[in-house]
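Take a look at the following structure, please.
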Amino acid sequence: MIQTQSYSVEARRKFLEQMLTIRRAEEQVIHFATDHKDLIRGHYHVYIGQEASGIGACAALAPDDYVFTTHRNHGHVIARGGELGPVLAEIIGRTTGYNRGRGGTFHVIAPHLGILQTSGVVGGCMPLAAGAAFSIRKRGTTQVSLVFFGDGVLEEGAFYEAINMASLWQLPVVFVCENNGVARELRKSGQCPTSSLAAKQLTDIPNAFSIPSVIVDGADMLAVASAMADAVSMVRRGAGPVFVETRITRWPGNAGTFPVLIGGDYRLEWALSPGSAPQELQEWLQHSDPVALFIRSLVADRVMTKPDVEAMDAQIHQAVGEAARFALESPAPKAEFALDHIFA
Amino acid sequence: MADETDALYRDMLQRMLLIRCFEERVIELCHRKQLEGLVHVGIGQEGVAVGIAAALASGDYLYGTHRSHGHFLARGTDPGRLMAELAGKDTGLCRGRGGSMHIVDADRRLMTATGIVGGTIPLALGTALAAGENGDVVAVYFGDGASNTGSLHECLNMAALWKLPVVLVCENNGYAEFTPMSAHTVVSHVSVHGQPYGIPAQIVDGNDTLAVLEAGRAAVARARGGGGPTIVECLTYRLRGHYVGDPAAYRKAGEVAEWRDKDPVRRFTALLQQRGTLAANEVEAIEAAARARVEDAVSFMTESPWPAPRSVADYVYA
Amino acid sequence: MKEMTFAQALALGLTECLDRDPRVTLFNSSYGGLTPYRATYGVLREKYADRITETPISELGYCGIAVGAAMTGLRPIVALATAAFSFEAWPQIVNEAAVACYGSGGQVTAPVVFHMLAGIRGAGAVQHSHAPQAMFCNAPGLQVVAPGSPADARGLMRTVALESNNPTVFIDHQRLQGITGQVDENAGSMPLGVADVKRQGGDVTIVAVSIMVPRALEAAEALARQGISAEVVDPRTLVPLDKATILKSVAKTGRVVVCDESQLTCGVASELAAIIAEEGFHSLKAPIRRVGIPNVPIPWHQNEEDFITPTADKIIAAVKTVCTT
Amino acid sequence: MTQMRYVDGLRRAIELEMERDQRVIVLGEDVSVGGPFGITAGLLERFGDRRVINTPISEDSIMGLATGAALAGKRPIVEIMFVDFITLAMSQLVNHTAKLRFMSGGQLNVPMVIRVQQGAGGGWGAHHSQSLEAWFHHVPGLKVVAPSNAADALGLLRAAIRDEDPVLFIEHRGLHFRRDEVADPDAIPELGTAKIVRAGKDLTIVTYLKPVWDALAAAAELAARGISAEVIDLRSLSPLDMGTVLRSVERTSRALVVHEAVLQGGLGAEIAARIQEAAFDWLDAPVHRIGAPFAPIAASPVLEQAFVPNAWTIVAGVEQMLGLAPAAGLRAGDARHVT
């Protein structure tokens, strides 16, 4: 298992800031969908409860590294440094969005952050990430390519073809599997098969291709950060691909087809005393919510006081609110724009 | 009991020699341009074909690859109709639609061969899903090349997930088309991929026909008993190129000679003589009989009519 | 000017690309095998060992790898052997490569070339004779080029591999490899979306794609002897398509035969016929005829194969129908 | 005469055929819980997990697996959640499902239905909104069906399940929850028969799926201006009922083909090519096509709307064909942005 490194006060504050930013931004996305008619007309996916995984991974990356992600990409883009305004604008398809409204919630792409594709096709990004790594090898740079994906991807053929070649050619790629349906007692270790995967341990599959792997508790911010730092530096040193499984317990609000903010927006009191939260949330807040667990540890370690956290959250709340206004006030693209950028 | 075994072994040897003679004749016909197209022969792999066929019951299903003449003959496909199919005659198994890579003999539950590497593995799973209800088992062949296709992995997962009565027979002949296995994957044995899903593997010397038979029987019994899938990885070698006409320059010097000494036909013959199943002179007789059948097949093929070009659109729809 | 075969011209174009731009890299699906470079691969392999990657049998995987590499600074060419294998890689070609630029509002490009041998190759049977060009033409974001002469093969390879920043499907044909033609070795790349009038004529326009170009020229020669003067127009690139040159010829002749070696229904010939029928309606003197493959998979035997192959004779027959109505 | 939603028609068809024929099985991702549109909801409870099978996310292998089950006597109904995901199953679908009967010289048959839903609407973006029927119309051995209403959803799906060949059954996401009159719930139409859904004499509008309703709205609008448009709902795309189309064009001398799919290389091209080939002398005007522009589908509602034909684009197209001045306040150029 991974040795959790010690992180400075600044580093830990920064982690919490990013966690709350993603949490509040995703709440805003849910508000877009539920408070405005037809603003987000189709399906959409939020990252609530998975914040530590994306933040830990992106913290380990250098600015010129590549990141590939999925339909559940908002958190990854923000963790990678995406600005709230353009991200929210893209999610609701406005011209000020990173893709000028092209991609919407499914496909927030931010090449200036090294995020080159967010594929709506399960497994679609696996070969792409390996390909970016292939190009790194050919160009002889020290970059790495990192790809986020859900456990469902292990059911796709593209996954195997990609990891076989990544291993065969020792490509500098970090495979980050966000296994987001794990019972809390299994997060740290133990076998956790999924309903439609026969493998008792997801990591057995990359291991069969001689790809080293690590399993980390996705609710433990610092453990994830440490595991990712190790994995990325291994890959950067030329050790070939590495597979990281972050085990995440699903946020109760994600139980249905569309996400629901049980009891409204997240309250900091819930984090500090889960008993004060709605019944359905209490167990998750107590054992599985990365934000609650991290806030409690920061307060316990006297890194931050409750008022510090509240002040930070208030600022983030305001920033998200401004970004949301920016997005809503931004113009929708002109119809004719539909015909642009089919070809370079 | 002994007689039964002897009868079975004798029958297996007859089939092996039939396959060998048939394919040698096919090569000859290709060189003489009497056969054309992309033809793949499995000379040197007869032990696998016959061992697996003998392990299956008549109601069981079998799926092939692009190199399946042997798989079919081992299961009793009529050499004449097979040869006719290779030639594209109207009397061919598929009335000339398929050719060497796409043979089907539905009466013998030889469902299909395919030109797509790994392509029949999902088909076999589906048949297992359906036929399992009647206690039938499905065997499917694939090569080491198919171990790099996503479909094998998707199927290992589903076969294990649903405990399907399927026997995954890997003919590991060391080459994916023209490339040695080591250049294509980091794993040493294809069956390693079954481990994450808890699929047991039997790695056998594919040129030891009895070893294949035993492994095949165990896997079939396990499948029939509801135990789910098994990988039988047969380590073997094709003594000829990837396709007829392939100079096979990519092979290491001495490699072929080394494998010639392990020729499954010769080994099995020697074994049967050793255990007294065959008298010394019997082999010639069996081989002569096989040649005769192949010659009949050739004349059947030659005398058979071509399909009428106007029938070209037949069988696209019911 | 130098006389060379289509295969030699392709190899020439490819070596020029490899020499001129270090970002050009080749993924070859197997040692020789069925790839478009089978004839010349030995030499290429020796000369450019470090620029060529020989892949596992993982079309889906390595086509995606090529796309990912293209997004990040390489210019890969994937030799996909028979076009049938593009179906294995379909999601990466149409879901990833084709939409990379559009989906990112123009921020990401994927300059990758998928080079494949399409059509009836001779005993390729049902699974090695596919001609999916029409399907790719229906997938926005892909460029589709289909040269029908050695010079065009070299020129277009240079354009798509060295200059274009879009994903390209390079439709090639086994039976083109042996045809010969004049190639100007000093000529540079060739513009996309510019059709070429391969033969002047006044009575009828034959629009021919890829392998149909030499067949159309053969037909035109025969027709000339029978007093029918046929103009042969080769679009050379299907996406983008040079409508103007085609319609200009139609305006002159008023009679059209469209030829492409793929299944007729929803084929390339249908799209071209529909465009001409709509935009050239008033110059048409007779219905447009299409010459292609009937709606069947490709049978294995030569008798049946020949029967469905769109040959020069079939073009001649079609021309005669349009010239007599 | 009963009222029914399109989705209810689909569910009913599956239930009826599963009751009638033990060989019918349902496979797909999340079919046990009904999939994203609830169409297969309740089937698991009713028919058990031997006949209603949840699959992993392995489209290519699911397609091959269903094909293999069909070869061994089952009649599988495979659900591919979005037609976009069929791109992951092209190899099995094109190389095996569609071809095994032909390859085997008639020894094998593959009686299966592949249910997909497609179409724009909802801002689901370039990986969840495509219309891909043209590809499959180009693949010999496949049949392609595309119902525009609840009655056809019910009847044609039953016909497809009973068919001896693989049928790609294309639903339109925008129709799932519309309610229609079902005159005869037991009717099972023959595949390959188009239907004249509005008679007219001035021109023929050939279409299918959702644009059928746009065409009817356009026809009503045109009628108000004294233009009588005949509307044909193709219902099944392969086999294609050109007889009905040509008989109509012979009467009207003008044809307009409308579909939601990309125009370039679309089914409209095939139909236009065949009309001009067979009805050249009857045509008073070029066959006109309306379809999506040559672009992937964007998520933005405005951009998405710009793709899809609607009643106004059809009206504008007809005006163009008849050389009429565009209706007041509506220029043809704007038409596609009006809803």
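Letters are used for the chains, namely A, B, C and D, taken in the order the chains are written, and counting of residues starts over at 1 for each.
Everything that follows uses one rule, which is that contacts are C-beta pairs under 8 Å (C-beta built on N, C-alpha and C of every residue); 3 or more make two chains touch, one makes a residue touch a chain.
Note that the structure is predicted; figures quoted are calculated from it, not measured.
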{"item": "Fewest touching-chain hops separating chain A from chain C", "value": "1"}
{"item": "Longest centre-to-centre distance from chain A, chain (CA-based)", "value": "B"}
{"item": "Chain pair showing more contacts of the two, B-D and B-C", "value": "B-D"}
{"item": "Centroid spacing, where centroids are CA-atom means, of chain B and chain D in whole angstrom", "value": "42"}
{"item": "Chain centre separation (chain B, chain C; CA means) in Å", "value": "37"}
{"item": "Distance between the centres, which are taken as Cα means, of chain D and chain C, whole angstrom", "value": "30"}
{"item": "Centroid distance [mean C-alpha coordinates] between chain B and chain A, Å", "value": "48"}
{"item": "Residues of chain A engaged with two or more neighbouring chains", "value": "101-103, 107, 119, 121, 124, 155-158, 160-161, 164, 168, 196-197, 342"}
{"item": "Residue list for chain D, restricted to those that touch at least two other chains", "value": "55-56, 58, 60-61, 84, 87-88, 91, 95, 102-103, 125-127, 140-141, 294-296, 298"}
{"item": "Residues within chain C bordering two or more other chains", "value": "56, 58, 60-61, 84, 88, 91, 95, 102-103, 125-127, 140-141, 295-297, 299"}
{"item": "Topology of the chain contact graph, where touching chains are joined (line, ring, star, complete, other)", "value": "complete"}
{"item": "In the complex, chain B residues that touch chain C", "value": "36-38, 87-89, 96-99, 101-102, 114-118, 145-146, 148-150, 176-179, 183-185, 250, 306-307, 309-313, 316"}
{"item": "Residues on chain B engaged by chain A in the complex (per definition of touch)", "value": "148-154, 156-158, 160-161, 184-187, 192-193, 195-198"}
{"item": "Chain C contact footprint on chain D (complex, rising order)", "value": "84, 87-88, 90-91, 94-95, 98-99, 102-103, 125-127, 134-135, 137-141, 238, 240, 261-262, 264-270, 272-273, 276-278, 280, 283, 285-289, 294-296, 298"}
{"item": "Parts of chain D lying in touch with chain B, wherever the complex brings them together", "value": "50, 53, 55-56, 58, 60-74, 76, 91-92, 95-96, 100-109, 140-141, 143, 163-165"}
{"item": "Complex contacts: residues of chain B adjacent to chain D", "value": "61, 92-98, 102, 104-106, 111-112, 114-116, 119-131, 133, 150-151, 154-155, 157-158, 161-162, 314-318"}
